[in-house]
Structure formats: C-alpha cells, structure tokens
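What follows are several structures.
One chain, chain A, appears in both complexes that follow, with chain B as partner in the first and chain C in the second.
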Partner chain A sequence: MRSTTIEILFPRNLSEALSIFSDAKENLKIIAGGTDVVTGIQQESKRFIDTEVLVDINRIPEIKGIEVRKKKISVGAAETFSDILRNNLIQNELPLLWKACSSIGSVQIRNRATIAGNFVNNAPCADTVPVLLVYNATVEIESLSSKREISLQEFLQGPYKTQLNVNEIVTRINIPIPSKTFVGDFYKLGRRRAVSISRITLAVLMDMRGGIIDEIRIASGAVTPIGARLTGLEKFAEGKEVNDRFFKTLASKMGEEIIKITGLRWSSEYKLPVVQQMFYQLLKSIEQRSL
Partner chain B sequence: MITLKFILNGKEVSITTEPHIRLLDLLRDKFDLTGTKEGCGVGECGACTVLMNGRAVNSCLALAAQVEGYEIVTIEGISNGDVLSPLQKNFLLHGAVQCGFCTPGMVLSAAALLDQTPNPTEEEIKDAIAGNLCRCTGYKQIVDAIKETAKELQVK
Partner chain C sequence: MNKEFSVVGKRVIREDGFDKITGRAKFADDYKFDGMLYAVMLRIPSAHAKINSIDFSEIENNEAISAIITSADVPGIKKTGLIKNDQPIFCDEKVVTPGDVLAMLVGNSENELRNLVKKAKVDYTELPLITDPAKALDQEAILIHPDNGSNLIVNHHVKKGDVEKGFEKSDHILEQTYTTPLIEHAYIEPEAVTAIPLGFNGVKIIGSIQNPFTARRIVAAVINLPLDKVQIIQAHLGGSFGGKDDTMCILSARAAVAALKANCPVKIRYTREESILESYKRHPYIMNYKVGFSNSGKIIAMKINIIADGGAYASMSPFVTWRSVVQATGPYEIENVHTEVRAVYTNNPYTGAMRGFGSPQPIFANESLMDEIAIHLGISPVEIRKVNALKNGSITATGQKLENHDVNLIQVLDKAIYAADFQNKWRANKKEKPLTKEFDFNNPVLQDYQYVEPDKLIQKGIGLAVSYRGCSLGAEGIDTASAYLSIQNDGTVYLLSGLAENGQGMRTTFAIIAAEALGILPEQIFYLETDTSRIPDSGPTVASRSTLMGGGAVRNAAEILSGRLKKIVKEEFKLSEEDVVSFRENLVFSRKKGLTAKFSEVCKLAYSLGINLATIGYYKSPSVHWDEKSGHGDAYFTYVYGCQVAEVSVNIGTGEVYVNKITAVHDPGTVINKLGAEGQVYGGVTQGAGYALFEGITTEKGLIRELNFDQYLIPTSKDIDVIKPVFVEGKDSYGAWGAKSLGEPTLELTAAAISNAVRNAVGKRFFNLPLNLEEIVLGKKLCPQEVKRGSLQ
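Let's turn to the complex of A and B:
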C-alpha cells in the first residue's frame, strides 16, 4: 500500500483538462477507468511510482459519445466497453470491435475500462488493438496548443509505449466504416473465459471478389510484442485465388512472419501451431460468409 | 485530504479522506461497511463488487475520490433492514451460500443484471457473474437462485 499521497483533479471540460496538462510533468498521469492505473499504483509498479497527480477524465463531455463524422465512426476516448457494446452503430458497422470489447475482462471491468485506456496502456495483450488496426483507425490527440490525428499504427511504439506527450490527451478514436464487401472476424484464445489476459488474438478483414483476394488486413496481438499488422503477409495474399491450399500456405507463412517479428520468444514454440491453425479456420469461416 | 459527497445506500453522505485510497477501503474502513470483501485486490475475483450508478464495478479498482457525486450501493443497501431482498432469500433457499465470502459480490452482480435485464437467459446470467469467483458452490446453485428470483419478480 502506498504511503505518499496522490492529488486527484476532475476537469469538467476539455479546455480545463488541457490547461492542466499544459504545464504537466512526468509526475502527472491521466486516469480513466483506472483498471490499469489503480492496480499499477497499488502494486507500486515502476510506471506509477513517481505519480503525484492523477487527472480523472471521466467528466469531460467532449471525449465521450459515439457518432458518425465524415464517413467515420468517432468513438470518444473515455467511452467504456459497456457503452460501446450497447451501441448499434458499433454492432452493425464494426462487428470485430464489438466482439473484441465483449471478450474483455468481466462485466465489472467493462463497466469501467475505456477504449483509449486500452491502447494507450498498450500492453501486448490489449484486445482492441488488433481490431482497431485492421479497421485503419486513427487517433485524435490534443494539447493546449496543438491538435493532431495520426494512425493507430504510428501511435503505438512498443510495449507500454506510445507517441503521447505528457501535455497531451487522446480525445477520440476515428474508424472508417468499411464497405459491406469486407468480411472479417476476431479470435481470442485466453486462459479462462472471463478475466483472462489474452494470450493470442487475431483480427482479419477480407474483401474477396470473384474468388480473388482484393484486399486483406491481418493483425495479431499478444503473440507479437505489441498488436501489429502483418503487412508482408497481406501483400503476399492480395490478388491470389482463394482455395483451401492457399489458405494453408498463408497460415504457414504467417508462422514465418511472426518468428521474424518476435525473434522467437520462449512462448512461440507452442503458440505458433495454435496461431496457424486458428488463422486457417478464421480464413475458412470468412470465405464461407463472403459467398 | 479532500471532502467527498456522494449517495451511499440511498443516503447522502460526506466524508473527509485521502483521495487516493481505494473505494473498497473507504467503504470498509471509514463507513464500517464490511460486507464488501477484498479477495484478490486486482479486479479478478469480484468479492469487492458494488454498484456505481447502478452498474457493477470492482471497488478495489476505483479510487475513493472518483465517487464524488455518484450513487453507490453495497450489500448493506440491498436488504430492507432485516428483511432480505428476493435475491438474498433465494441465494439461501438454493444453497448458493456456503462460506459466503463471494456472496455479497455475487448478489450485487445479479442485482445489476436483473435491474437491466429482468428476464435473463442462462448465458446472460453466467456472463453477469463471470467476474465473480466462488470456490465453494460450483455456481449451479447461484445460477438457479438468480433464475428463480427473475421468475418471482416477473410474476409480481
């Protein structure tokens, strides 16, 4: 249990929050659902040991809500997984995101944990990351003096590392609505049904036309150091004819690509055949639903 | 130190506390509401479940200061004095309480479910209590108690 005290601030709107961050130092941290932050503080994790000020962002209306903006679905950074799951737009237009959110933690966790908290924390096992990557999501970031929007891919730098500066906040995550010709799936293999920190996740989104792969987007989580797009594999697959043999080839190629990215970690040996088999089955089921 | 105002089990309360202690500690140590249990302390067991604005949350993962202006219900706020709620009564009737450590959290998770989904399927019940671990009962009795309560509340 921590002995030094932490101050907590509750900005009521975005500009109030941005002025707090404008002269922020490393000792200030944002808290949203707190599901990562509070355990981090309790366990005196290195990332929070120097934290003296927490800024609770749950009462800022500008970073809440889910709406359509310029053919994109814009999700407020502080939306909880429970709120996202209740939203029809997400369920109908972004089914992989819906599925990933429904697989997270437990009801209690989903009632508090937020979408931005998930990818800003950027644990290797953050479940929304692979699906947001295949949806080509972009992240809106603001500070008192600037506003930028970059791809999630660029935003994520390494395990528990992102491009975010101490004076910045993620305000929204914007996701282009994919055309109806895209069919996909999200798969997660965890230890237990609920509350499992996922060990293998895969997201695939495929646009198949006349038996040919027009476009395919593939991302993995937990097997790779952070959630990542497997672009080599995507390029290899595009323009190819869809059949069982090709799916098997693609699955074994995926193994090679993961080894390339990870430099083979201790856990790869048993994970690899599982990932390959899972990937093959995902491709089969997507093919069937594409017809 | 900060002074917090919130609604606890239906009553407006005000308390001065360190802002960064957990909601769990605030309830147990400052309000003597020891029905809320600490099992794992890291969000995995659900023994510390309370309702925050009607939703089940882990009180070990919320900081005391975060409840300012919110409505919190603990197991002590579920019964009406000495009269047990239908859920509590059915937990007892169906043998869903053995050592009892998980029970407050279980009952609150079930209460939040029935509030939003008065007629839940078995899948929905299992999902609602998936974040509540019980080492004793094997869950069947708990699911039965929740089903029975849903049925009774439908009739009324």
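Let's turn to the complex of A and C:
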C-alpha cells in the first residue's frame, strides 16, 4: 500500500495529452481501462512503484473509433474489447482478433480493458498479441514533436519492454485486411473458461493454393517470453504440401523452436507437449474448414 | 411433500435478497464510527521462526500511530482456540505459520500504517520447517508446539469386527492411496470487524462473524471480562462456508484489545491477500484404503489410515477428523472395519471448519475405490453400491443401528441414475485402457503416434458418488437452539434465533417455519439483528444444523404462541372444548363454525386481554453417545443421503475437464424453501467442482503461492453447464416437520462423482485432487519454484 498520493490528469484531446507527456518522467503512467495499472499499483508491482502521475486517456477522441483507412482497419488505442466485439467490420474482416478479444477476462473486464493496454506492457500472456502479429499490425505512436508508425513486432522488445518512450503514446493500431484467400484461427488455453490468464495462445493465418502452403503466419503467446512470430517455422512450411503427416512434422518443429527460444522451465513439462498437440489440432481444424 | 403445507416447500425469495443486490445491505466494513481507528498487522515472511526481538524505535513516536499493540497488552488469556488453546493472539515468541501476527499498529490512516509497519525491525531465527504432514510424526521432527509433547493433534479410531480375518475371507483385495489439497473458503467478503469501547459496559463488536457466541466467549477470555460485557453484533455476512469462525474470533479479540487500549473504536479489515494468508483452510488428507471383497462385490473388510494436515494450530481438527472417522467407510454396511485418523501439526496454514467438515476427503477416496472395485469385478458402479448400501436397520461402522428415519440411500441412487440415464451412458463411454498419452520429458518433441486424432480429442464420461451424512453436531457436544418470537397486536411478528445468517438463507427458512405454524405469510415476519445480548446462545451455525435445530426451535416458539391464541379464540368465541382452531392465510377457523376471525383481530384481542405473545422456543437434540476408546457409538441422531451424477468432457490433449451436467439428488428431509434448497445445490456443486478440478493452496518454503483469485482459481459460471437438483423428501420426526440438512451434502459428493466420470472418459484413475491440466496430462502437479506473480515484474 502506497503512502504517496497519485495525481490523475484528464486531457481532453491529443495535443493536451502530448504536452503533458512532453516533459514526462518515469513517474508518469498512462491509464485507460485500469485493469493492469490499478491492480499493478495495488499489488506494488515494480512497474508502478514510482508512479506519481496517472494520465487518464479516456476522454481523448483521436484515440477512439474503428474505421477503414487505406485497406487497413484502424483501431483507436483506447477502444475497449467490448467496443471491438460489437464492431461488424472486425468480426467479418479480422475474425481471429474478434475471437481473441472475446476470450479475454469477463464482460466486466472487457468493458474496461483496451486494445493498446493489452500490449503496451508487453506481458507474455497478452491474448491479442499473437493475432495482431499474424495480421501484420502496425502501431502509430505520437509525441509532441514526432509521429511514427512501426510494426507491432518491432514495438515489442522483451518481457515488459517496448519501444515506447515516456513522452509518447500509442494512438492507433492499424491492421491490413488480409486477402480472402487466407484462412486461420486463434487458440487459447486457460485453466478455466473465463477470467483466465492464458497458459498457451496460438494464432495461425494461412494461404493455401492447390494443397500447397503459399504463405503461413504463425505466432505464439505465453509459451514464449513474449508474444512472437515463429518465422523459422513459417519458412519451413512455405511451399509444402498440406497433409496430416506434414502437420505433425510442423507441430513437432514448433516444439523444437520453442525449446530454442524459451529453454526449459518449470512449466515446460506440460506446456511443450500440449502446445505441439494443440497446434496440430489447430492446423487440422483450419484445414477442415477450408475444404 | 406434505400437501397440507401452505408455505413450507414453496419457492420463497430470501428476505435480504433485494437489500443485497441493490447494495443497501450493510456489511462489516460498511460500518463507520466517530473517531474510528484502524489496526494493521505486523508479520514476517517466514513459516517457522523464533522471534528474538521486535524493535519499534523508528516508528513508535510517529504521530500516525495511536498505539502499538503486542502480546503484553492482552489482559486475559494470550492463547486461544476453539478446542485447544494453542493459538496466540499475538505471536511474541515464535511464528509457526506465515499468517501469524506479531503485533499491530493502530492509527487513523490505514495507508500510513501499512507503510509504517514495514519499518518495525523484527530479529528472528529461522527454524526447520515441517510442511509434509506424513513426516510430522517422525522421531526427528521438530516440535511445533513443544508443550503438546508431539506433533499429534488428535488420533481417532473406529473398529468393528476383525479386518485381518475379513481380508483372509476375501476373494479380492485392493489397496490405494488418495490425496486432497489445502482449500481456501473463498468467501467473497474478506474479514472485517470493528470493536467499540463502552467504558464500564465493556465492548461492542460488529463484524463478519459466523458464530457470534463463539466470538463472545473468546473475546471475553482475551480481554478478561465477563460474557455480559461483550456484545457481538453480526453484520450482513458476505459468505463464510465455515470460514469465519476462528479467524474472526481472533480478529474480534485483537480489535477489542486495541479499542480498550486506545479508547476509540478500532476496525480491522483484511485485503484478499491477508485473508488468504491468515485464514484457516480445509484439511489436506492422505488416505490409504485397503478393501477386501467377495466375487459378488460384497465388501468384507475395510482398513483405512488417514493423516490430516492440521497446519499450525489445532482449531477444529479434533472434530473435523472425528466426522471423518465416523463416515470414512462411506454409506455401506461392512462387517469388518478398522479406521485410524490422525491430525498432525505442520507449519502449513492451519486448517479447520469448511463446508463438508471432514467428509469431502474420505468421500473422494472411498467413492473412487467403490468404482475401482466395480471395474475390477466387471460390474457397474450402481451394482457395487446396491450390494453394500446402508438400508433401514443396517448397522454402521460405529455400531449404530439406522432406524427412526427413512434410510433413503438406494432411493436417491435410483432416482439419480434414472434422471441421468446413467447405466447406458456409463457402458457406452467405458474405456478398456487409458487414452491419455505418455510423455517423456527427455524427448519433449512429439512423435507422430503421440498426436491425438481430432475426433478423439474430446472424450465424454459419466460418474456417480453417494454419501450419507450425520446431521448436526452429533457427539461433538451439546446440541440445542433457541428462537425468540414476538407477535405484535396487528399480526406482524418479530423473530430472532441464536443461530446466524451466513448467507445460506436461514432467516427466510425460519420465517417460513414461523409463518406456516401461525398461518400467516413469511413477509409478515421481521427478522431481527443478530446480537448476543438479545437471544440465548444456540451454539455455532455449523454442521448444516440451522434448519434442523433452529427450525425446531422456531416451530416450538410458534406453537407455544399459537396455542395461547387458540385458547383465547375458544374462550372469546365460545367454541366447545372439543372444537379445533386453526390458522390459515391470516384467518382463524373453527372446525365446527368455519371462519371465525382475522388473525390480526385475535392478536389485538390477546393484547387487550393482557396475554403474553412473546416467547423463546427451544429445541434440544435427542441424545447421542460416543465411546472414544472403543470407537463405537450412536454418532448422530439422524442422517441424510445423497447421490450425484457427473457428466464431463475431457480434452485428452490439454487435460481440460468441462462439467456438462451434475444431477444432484438429495434427501434433506422436508424441504422448507424450495428456492433456497436449489440455491444450496447450485452453490455446493460449484464449490465441489472447484475442489475436483482447480483449487489448491500450495506453498514454497512454507509461504503461500496463491494469495489472490488470479492464482487461486474457483469455477466461474462458464465452467459448469447444467446443475439439476432433485429432492427426495424422506420422513423424519426431528426438527421442523422433519426438515434436516442440505448445505454440506451438496458439496461433499461432487469431486468424487467428477473423478469417477473422468475415469469413465479416459480409462485412467486419478488419485490426487485437483484433476487440473497437469494432473490429467502428466499424472502429477507442477509448481513454479517462486512464490511471486509474473505480472509483478
């Protein structure tokens, strides 16, 4: 429990917010839904131990809304998961994202938690990260003096580390609409069916032409130190013929890849066989549905 | 159901329902008083340590601190306990479990106190830890309470016939060991209590207290005042499940000590982390069962050896394990039985009363074993149970003859298997060999054969479990209850009992009973605030005894008053001596003359005649007896019976178990409130499913890993699909029209039924709860080496 009080600021637009951030120090943190920040403060997490100022970004119109911009769906950073789940565009064009959002927490959590909030702390178990990675999402970042757009993959640096500077804010997430030839799915394993921190997440997006894998994008969460694309696996798969045998080989290859990235941990004895098993099951169900 | 009832057996909405869902109900932490201070606990991160010194010099002059409370400030007994006085109010010599409190800071800013408490310097020496109960009685084991002479808390046994001879006569012998985990009650409201000093009148306490009279006894002893100087008021309680007893007694005592020293109201309220850290839990059991049986499935001998982890303090262990020793064979008539149950001290969180109270553990073992016997003999789980089931006139393991009530075990079993179509589904799902894959951690990359064909991934299974349960306290102690009833001259009524509303809907149940006896509506009855100064001590609200015992007292009170009213009616309306007066729908009837008056008119009349329309009803249980030496006796005066059928889907790739349906058939005697009874089933089954699949407190170096609900997982509404309650209302002469017990029976069976369903689904038996992901896939539990949460980085 903290003795110091925390000041909370409520900027009404982006430029107000950016000027607050312009001379910000490590003691300033952004808050939107608060599902990470509030519990983090209460639990005395190292990430928030020095926090003295919170900037509530819920009143900033520029970081809200879901719209199509240049064949991309642009999602405002402060859109809640409930907002996203109500959006037909997302449901039709980005079904993996819709599914990942629907698997998060509970209705109450989804009413508050935001999409950018899910990845700005770069927790390994962030449910939307594998999905956003296979969709090749990019992140728009602004400060008072600059504006940049980088891929989510670049943005995510290491466990609880990103490229975001203290004077910056993520404003939008832009997701290219994949061509209709892509099929895919999202998989989440938790210890129970709701309000569950993921043990394993997988996202696969695959373009098959005449039984041959033309392009495949594979990402994992919770089994790797951060949500990440498994590019070695993708390269291995491209140009290969789709059949049961190959799916098993690919799944076992994922096992090898994860051992390489993650090493062996207390949970590996369970997670390793299960991630291979469920990756295989995921590939089979995608194949089934695309027949 | 008796067709003559007008409100009993109907669906009545609980009287506190609207206040609770609209936020109007006042819980313990909602009470605030002028000048109120807070108290914050000082602990050390150790499960076993000798305290060398506590240095407050850095903070003792801080103006945020009104008082520092240590053991030296306790005017009365320094150690307490429900049965044995082994638990210090403040641990000044050593800590024996990580929840132990050394001292307390009192002041008006809780936040500041929580920071200041970190600046108290505690010098302590770590002592060797005992966390494995199986090693607690080893010769070289360090003594946790040296004055106890050993780490043994209690040893109960039951002996019937001669088990060794029984094994000789048996065609088959099976022996298995089962374990169950440490379970948190997980009530939604963490502990909160305020003590208010009343000068010469002692102290008044308002809190989330399950058993106000127990709290009064302990507070009075700790502050060294007579019972009448300690007034305990129960706030609305946000769940208890047996868990707001010892902890709340001790917190009440600490608050009282602080309030008297600071001469201000003092509140203690716990965060979830503190609640899980300090509160007692359900005992982990290690249970060895050896059973001998004939080719036809008749059990000839059963030998049971149980070690219960009592944790750091005795608490309710002697009684919890006593229920286990009485019921450990399950509801079966067995000629030769030898059961030994020992509860031991360890440095784990201490264990005490929790819904089930020593029954969920042996039922998991014993009902798993019954299925194994059936599988061994190639007969169905139904047949093995019918061959051995207790019936009217059967003799239990403790030598008690079951009579004077309907022994409805086979009836609930038949009803359940019919409702769930058990026999067909069980045969269809039965697996000859295990479907789960074996994994070699040295070769973690899967071979082709280890992949599961997609259509085999989800396996369905069905399983059942049955139980009998002794009602109320049995031979644990004196078993009486009282109820105060006062009829106003407009026909409305005040009601209060010495038992407590802990969320189970007791007030509504009692209002229905009084309304039935007086021929009025439950809404006309106002249930008064539970206050130890207003009503006789009725013992604790435990053991699923409130409907049975308190219900008996309420009926007694209502019948005393209705008798007085009937007498007036006869005199005033000049009815003949042999005429019969009855009350129905707020009206008064004479058998000969029909409608005679309104209920309210008769009440007014009684008032004008100076008739006393207030009384205390009383109910005392029939006598039971127990001979601890021989392990024999009529342990309980009556019993209830239940059968639950679980239907599950098991993902053999991930180990996920989804509960598709639980059919819960219970004989609680007469059902008083159908809605309340169904609520008990939904809640009990859900808790039982958590016990089966998710829950368990684990420790690393004696420190708890799961301190909040991000890690201690209980089921959500999405984890269980259908729960179907079915009631068989067996006849009984006790309580209010034969209404007995339901709260605990609903929980005790579920884990066993689910485990048997998983066996049916995957062809493999699991011996260790919970059946979580790792248990199903790997056949063992996995735990991180660190206690810390990942998200705290």
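One rule holds for everything that comes next: the second predicted complex is superposed on the first by the 291 of 291 C-alpha atoms of A that agree within 3 Å, B and C clash if a C-alpha of one lies under 4 Å from a C-alpha of the other, contacts with A are read in each partner's own complex, and residues count from 1 in each chain.
Going forward, contacts are C-beta pairs under 8 Å (C-beta built on N, C-alpha and C of every residue); 3 or more make two chains touch, one makes a residue touch a chain.
Bear in mind that the values here come from a model prediction, so they are computed numbers and not experimental data.
Participant: Considering only touches as defined above, state whether A:Ile31 meets chain B (first), chain C (second), both or neither.
Facilitator: first
Participant: So, A:Glu256: does it touch chain B (first), chain C (second), both, or neither?
Facilitator: second
Participant: Quick check on the superposed pair: does A:Phe10 touch chain B, chain C, both, or neither? Answer first, second, both or neither.
Facilitator: So A:Phe10 only meets chain B here.
Participant: Considering only the touch criterion stated at the top, classify A:Thr128 as touching first (chain B), second (chain C), both, or neither.
Facilitator: In the superposed model, A:Thr128 contacts neither chain B nor chain C.
Participant: Between chain B and chain C, point out the one touching more chain A residues.
Facilitator: C
Participant: First (chain B), second (chain C), both or neither: which does A:Pro273 touch?
Facilitator: It touches chain C, and chain B stays clear.
Participant: After superposition on the shared chain, which partner residues are touched by A:Asn87: those of chain B (first), chain C (second), both, or neither?
Facilitator: The answer is neither, since A:Asn87 touches no partner chain.
Participant: Touching A:Lys248 in the superposition: chain B (first), chain C (second), both, neither?
Facilitator: After superposing on A, A:Lys248 lies in contact with chain C but is clear of chain B.
Participant: Is A:Pro159 contacted by the first partner chain B, the second partner chain C, both or neither?
Facilitator: Touch partner of A:Pro159: chain C, not chain B.
Participant: Could you say whether A:Asn167 touches chain B, chain C, both of them, or neither, answering first, second, both or neither?
Facilitator: Once the two structures are laid over each other on A, A:Asn167 reaches no partner at all.
Participant: Residues of chain A that sit at the chain B interface in one complex and at the chain C interface in the other, please.
Facilitator: The overlap between the chain B and chain C interfaces on chain A comprises residues 2, 39, 43, 106, 193-195.
Participant: If you look only at chain A, which of its residues touch chain C in the complex?
Facilitator: Touching chain C from chain A are residues 1-3, 36, 39-40, 43-47, 106, 123-125, 159-160, 189, 191-197, 199, 245, 248, 251-252, 255-256, 259, 264, 266-270, 272-274, 276-278, 280-281, 284-285, 288.
Participant: Quick check on the complex: what are the chain B residues that touch chain A?
Facilitator: Within the complex, chain B contacts chain A at residues 2, 18-20, 22, 41-44, 46, 49, 52, 55-58, 60-63, 65-66, 68, 109, 112-113, 127-128, 130-132.
Participant: Using the touch definition from the top, list the residues of chain C that touch chain A in their complex.
Facilitator: Within the complex, chain C contacts chain A at residues 110-112, 114-115, 437, 439, 441, 444-448, 450-452, 454, 457, 653-656, 658, 694, 710, 713, 715-719, 772-774, 777-778, 782-785, 789-793.
Participant: Given the complex with chain B, which residues does chain A contribute to the contact?
Facilitator: Touch list, chain A to chain B: 2, 5-8, 10, 31, 33-35, 38-39, 41-43, 54, 56, 58, 82, 105-109, 111-112, 193-195.
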